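Naming follows writing order (A, B, C, D and E), and every chain is counted from residue 1.
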Amino acid sequence: MESLYAVTTGVLSACGLFLTLRGRTFPVVVGLTLLSYAVNLFLFSMGGLTTDGAVIVDGPSDYADPLPQALVLTAIVIGFAMTAFAVILAMRARGDLGNDHVDGEDNREDRAS
Amino acid sequence: MLDTALWISLTLVLAALALNVYRLTVGPDMPDRLLALDTMYVNSIALIVLLGLWLNTKTYFEAALLIAMLGFISTVAVCKYLLRGDIIE
Amino acid sequence: MITPRSWLPTPLLTILLLVVWLLLVRSLSLGHILLGGLLGVLIPLATRRFWDAQPHVQKPWLLLRFALRVLGDIIVANLQVSWLIINPWRRMRPAFVEYPLMLEQRFTITLLANTISLTPGTVSANLRMDGKTLLIHALDVEDEEALIAEIRERYERPLKEIYEC
Amino acid sequence: MILPWIPLLALLGVVVPLLTRQRGRRFCSLATAAPAILALLLVFSQVPALLAGDLPRFQLAWVPQLGLDLAFRLDGLSLLFVSLILGIGLLILLYAHYYLEAHEPFARFYSFLMLFMLSMVGIVMADNLLLLWLFWELTSLSSFLLIGFWSHWTDARKGARMALTVTGAGGLALLAGLLLLGDMAGSFDLGVVLESREAILADPRYPLMLVLVLLGAFTKSAQFPFHFWLPHAMAAPTPVSAYLHSATMVKAGIFLMARLHPAIAGSEAWELIVTLTGMATLLYGAWFALLKTDLKAILAFSTVSHLGLITVLLGIGSPLAILAALFHILNHATFKAALFMSAGIIDHETGTRELGRLGGLRRAMPVTALLTSLTAAAMAGVPLFNGFLSKEMFFAEAAASPLLGGLSWLLPVLATLGGILSVAYSLRLVHAVFFKPARKAPPKSPHEPPRLMRAPVELLAALCVLVGLLPVIAEVPLGLAVEAVLLTPLEFHLAIWHGLNLPLLMSVIALIAGVLLYALHAHLRQFGRQFSPMDARLIFEGAVQRLMTWSERLTVRLENGSLQRYMSWLLGAALLLGAIGLLQLPSLAGARPTQEADGILLLGAALMIFGALGTVATHRYRLISLLMLSVVGLVVSLTFARFSAPDLALTQLSVEVVTMILLMLALFFLPQKTPRESSAGRNIRDLGLAASLGMVVASLNYAVLTRDNHGISDFFIANSVPGGGGHNVVNVILVDFRGFDTLGEITVLALAGLAIFKLLNRLRLFMPHSDGEGRVWSPDRYPLILTSVSQALLPLALLVSAFIFLRGHNLPGGGFIAGLITAVALILVYMARGVEWTQQRLDFQYQPVAIAGVAIATLTGLGSWLFGRPFLTSAFGHFHIPAIGDIELATAMLFDLGVYLAVVGATLMILANLGKLTTPHRPSKEEKH
Amino acid sequence: MTVFVLLEGVISLLLIAGGAFIFIGSLGMAHLRDFYMRLHGPTKATTLGIGCMLIASMLYFWVTEGKPDIQEMLITLFLFITAPVTAHLLAKTGLHQKLRHADKTRGKPLELRPEEVGEKPVPHPDRGHG
């Protein structure tokens, strides 16, 4: 199970990173979202994977680690804000520069490489 | 008996999910994919209910409730996008 | 002087909210009944400005009967559809049917459309912008007229009776 | 304790002119002079104590961790320099009062001058190496301001920049040296450092330290080869030159060498480096002083050469040499300041400084002629002037020094040569300006300056003669200073006549040969012209230019404005670091036993991977890749539910919806498809990079998952109910234990909302009239069924969010989730009904809501102060109400309310504003454009 | 005792039925011939399936926790509200996009009035990325 989880996280982050390397703004934003999924999963797993251990304390039991959950919870919301900001930047860039290339000018990808 | 039933219906649901994925992949048109996604959401309600039964807890009930209540909104958004382009106008 | 209308615009909704609340909190304690009642009053007050003129239910008991009938139909319809789907020798006769509406009010039209979508192998596909005809896609019909007649009898008339007469 | 008042008064002097500017120049000058005078009196008031043999010190801990104290001392050396600085400073002030033109911003000038005075006083009085260094840098800065005072004049700017660069660089070297020194001595306290000579000399790092410190000193004192900035600093107004470049700043390096002499001098290295550098400087400066034709340039180079002389003496380092050095510092300060001022007067009255255009001025300005002749004679070392005394001591020491072993005769010879040159250029200075008939008339008809403008010169000239005639009066201060340098009293007697001896012979030679040399210096000029005049400035500027171009090229190579390139660099670095980290693990798998995977998990993982890969595969068809993305999101939230994190599941679900809406909104304004433009090679590279990073992440995650980690969570679980009064530990952590983090996070959320709000205003975007396939939009803006359902759903959604919010403290839920639900419900209304319709019915704005949320949360936190508890301490209690039962109320709930409002406000601020973007200019009916 | 056995049987039955309906719904969505027909599967069968499952879980928790608790009904309520809307909008979108439908379908769906399908297609601005 752990290995499965780890592989999934890896694939997610790989895909997200690949998209963030694209040349147009929208794929980059999508990539960021994907990446933040991966990161949240990763952080969440810091406390170990527990089944049926929801941390609602009522009598002793083996609980999951609540701290990563709390941190990830806020991370999810902040992640949304971050995505929103990136998106607006992308729109602003298109509005002001007339295209949606991350560098603000078209057809420069190969110059960049 | 209950466990077997649980597993049977779980398998069925999983199969359903697989079918959704199939439709999502092949399309052919946007509405098809959208339909597949929406169905996936609905099916995941079943998954959560089964999880609750399996773990014998109601902790996850609200998750199911939330999907039932909000899940369709993203579908609606995409529909509105396909229809009007501008979803909040 | 505060009339009930001003602080309790929609008694049915209030009751609905109260019930939902009690269901949510899974308890019947007095405290929760009070709290639910409070919310049931406050939320409509807060959200009333987001509604069109709400038709008032004339005959609640009919509404109940209608709901039960729809429930039954849903089950039947689903069985039919499921059978159609898995039956290898099925011969479906899908059709688009133009359904001329009698109802005028948006809310009731919506109710009807949703009912249609939930019940026998039909999906309300499109409502003409003039709001006078409903385009229905049916999975398996032998006779459009019959379908129209059935819908009118089973659903539209009761709705009209409940809300609009 | 009055020591600190001396620098404090100087500091006061910095502000006074700025305050009294309006009261006219005279008042301003007097007001500025007052603190300096007071400081000078304070200094003199300390003399008895010094004579009594004790050492006034003042110490105040400033940054004890760094060993930096606000410590001052006033020993003999400090006394000598402080009185020089303040005294001459006052004269300069008087001089400047007349020198500056009426229109020039005299107040600023005074302020700069006083700032410089302050820093010099600080240097010479500092009793702590770091403090000394601070003031040292302050002199560089203030001299920059002063040299560049005529900032409209490019030479001034360039000269100032050059001086700052050189002395600043030297200052850095000095800092390094001082740090080393303090480290060797074990303390930055000057007293300690001066005591621990053996330890320092024995330390292996001594040579390095020595070189660094000397770099600082040499750059400051314009020693060869760092001398070149001084002549260019002559672009400064003459009072500045007279002050900085004769009496004070250039002496700072000398002072440093004298100050640290007990601690670091005496080694072979010291003697060689210092003496030879000094000698080179002496000759070089003298030679160019003879060739230059600009009055101030001549003085500048002569200053360079005299500084060299003093350096030589410090290098030789015998007690008498030190005495001679200090004596010459004193003398040079007097006559050179006087000379500079007379040069300034000449410049001021004739309008030029070119020897070629000057001449025969003795008729026009006899007094100035007299004064200049006297001071020049002192500079030349003519007997019965103070210069003569110190120079003769210099000759004596040079002759007596055993340095250079077999070649030890070289020093006196070179010394004599220097003497000859200095006689020559002094003579030339006087003769060319006052006696030789002028070839061209000066721009202005010359006449005597105002009486008081001449006063400082007269005073200084008088001093030259006085000291020259009865050297005894200099013995007291010198005695104290020498004692401070040698740490032991020195028996000595200053006399004019030592009988016929070698030094006298050398002086005589110098005089006669000097006169001869000047007689035929025309030929010398010819000779000098043969060398291409190498202008230090050109070289310096050239170096700067090269540096600039080089760094530009580097920048362009590294930073070409391509985000993709930066990303790949960044990710590459991350990959490297992560891989290194992993390599250090003994084994990937840890001790913790792994659990079995079942079918659901398998399918879930498969779904997620499918979604991720699908997103990438279809990323050029943006809508499809969005659908794929939301598959991932759904499964992620299911995963949270599966691994017992209901709160996370709820949050993820609602955020999922919001994100989807956001991206749809954005997609409308962005192209529907991504062109295929990446080159194959780049795709391969990116794939490789991403894949390897993914592997690193996966192995990292696996490594963590298979290791036992003892977090601090047990504490939270244990104290959640007793401490936070809630059963849902996650929520309690959010609103109570780590409430401060949450506060910060909602603040960030609100800020992001505001930022977006700002970014959106006056953003005009092209709105397509048809979708990707060119289909015109459907005319049905608000589908009826959607509208009525949205209105039916709204109350229910609000109810549910109220429920989620209230139960949050004890069961899955809480402010974040409730806020998101509310926001989504409202957004649904927006979608179904449009912006105008909704805005009309919403009687509140979102910005205030978000801000109110943050405010409520903060106030809740502050509230705990009222009860004397730390920030964000939560209180809770159970209240029993008859017939209703227990109701638990916790302040944490109030905090949660703040979170709720902040989330609602921020989310709607983002989405609603984004939706509003279209409404103002959205055509109701599709029209072609 | 037998009551419990009976109940257990009922619950199991409902569970399996629910799973079956859900599966059928997705099956219909997967393999029916045109979009409009696929639409029927999820909106009906799936809804019913979820309903069965919810009833099952209701009974189950009734048995285990001992007290009746019908809050699962809420989910069904929400589904009944939302599922038709989704179906309706999807169908509307399908019509708007003029998705082809099985030839044997009777009735002519696409004779929508001109103001309902937009006018003739206009080239899309994002061809070639302005």
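Some points to look at:
Everything below uses one rule, namely that a residue touches a chain if its C-beta (ideal position, glycine included) is under 8 Å from a C-beta of that chain, and two chains touch if they have at least 3 such contacts.
Because the structure is a prediction, the values reported are computed rather than measured.
The minimal number of chain-to-chain contact steps leading from subunit B to subunit C is 2.
When chain pairs are compared by contacting C-beta pairs, A-D ranks highest. Taking the mean Cα position of each chain as its centre, C sits at the greatest distance from subunit D. If you average the CA atoms of subunit C and of subunit D, the two centres end up 72 Å from each other.
For this pair, subunit D with subunit E, the centres built from the Cα atoms lie 67 Å apart. Rounded to a whole number, the gap between the C-alpha centres of subunit A and subunit B is 22 angstrom. Averaging Cα coordinates per chain places subunit B and subunit D 59 Å apart. With touch defined as above, residues shared between interfaces to two or more other chains in subunit E number as follows: 25, 27, 39, 41, 47, 71, 74, 78, 81-85, 88-89, 92, 94, 96-97, 115-116, 129-130.
Counting only residues that touch two or more partner chains, subunit C has 20, 24, 113-114, 124, 129.
Those residues of subunit B in touch with two or more other chains are numbered 10-11, 17, 30, 34, 59, 65, 69, 71, 76, 80, 82-83. Looking at the complex, you find that subunit A touches subunit B at residues 51-52, 54, 56. By the touch criterion stated above, subunit D contacts subunit E in their complex at residues 671-673, 675, 766, 768-780, 783, 785-786, 789, 792-793, 796, 926, 928. If you check the complex, the residues on subunit C that touch subunit E are 20, 23-24, 26, 74-75, 77-78, 81-82, 85-86, 92-98, 113-118, 121, 123-126, 128-129, 135, 137, 139, 141, 144.
Those residues of subunit D that touch subunit C in the shared complex are 779-780, 783-785, 787-789, 791, 794-796, 798-800, 802-803, 807, 829, 833, 838, 841, 881, 883-885, 887.
Here subunit B touches subunit D in the complex through residues 10-11, 14, 17-18, 21, 24-25, 30, 33-34, 37, 40-41, 44, 47-48, 51, 59-60, 62-63, 65-67, 69-71, 73-74, 76-78, 80-89, going by the rule given at the top.
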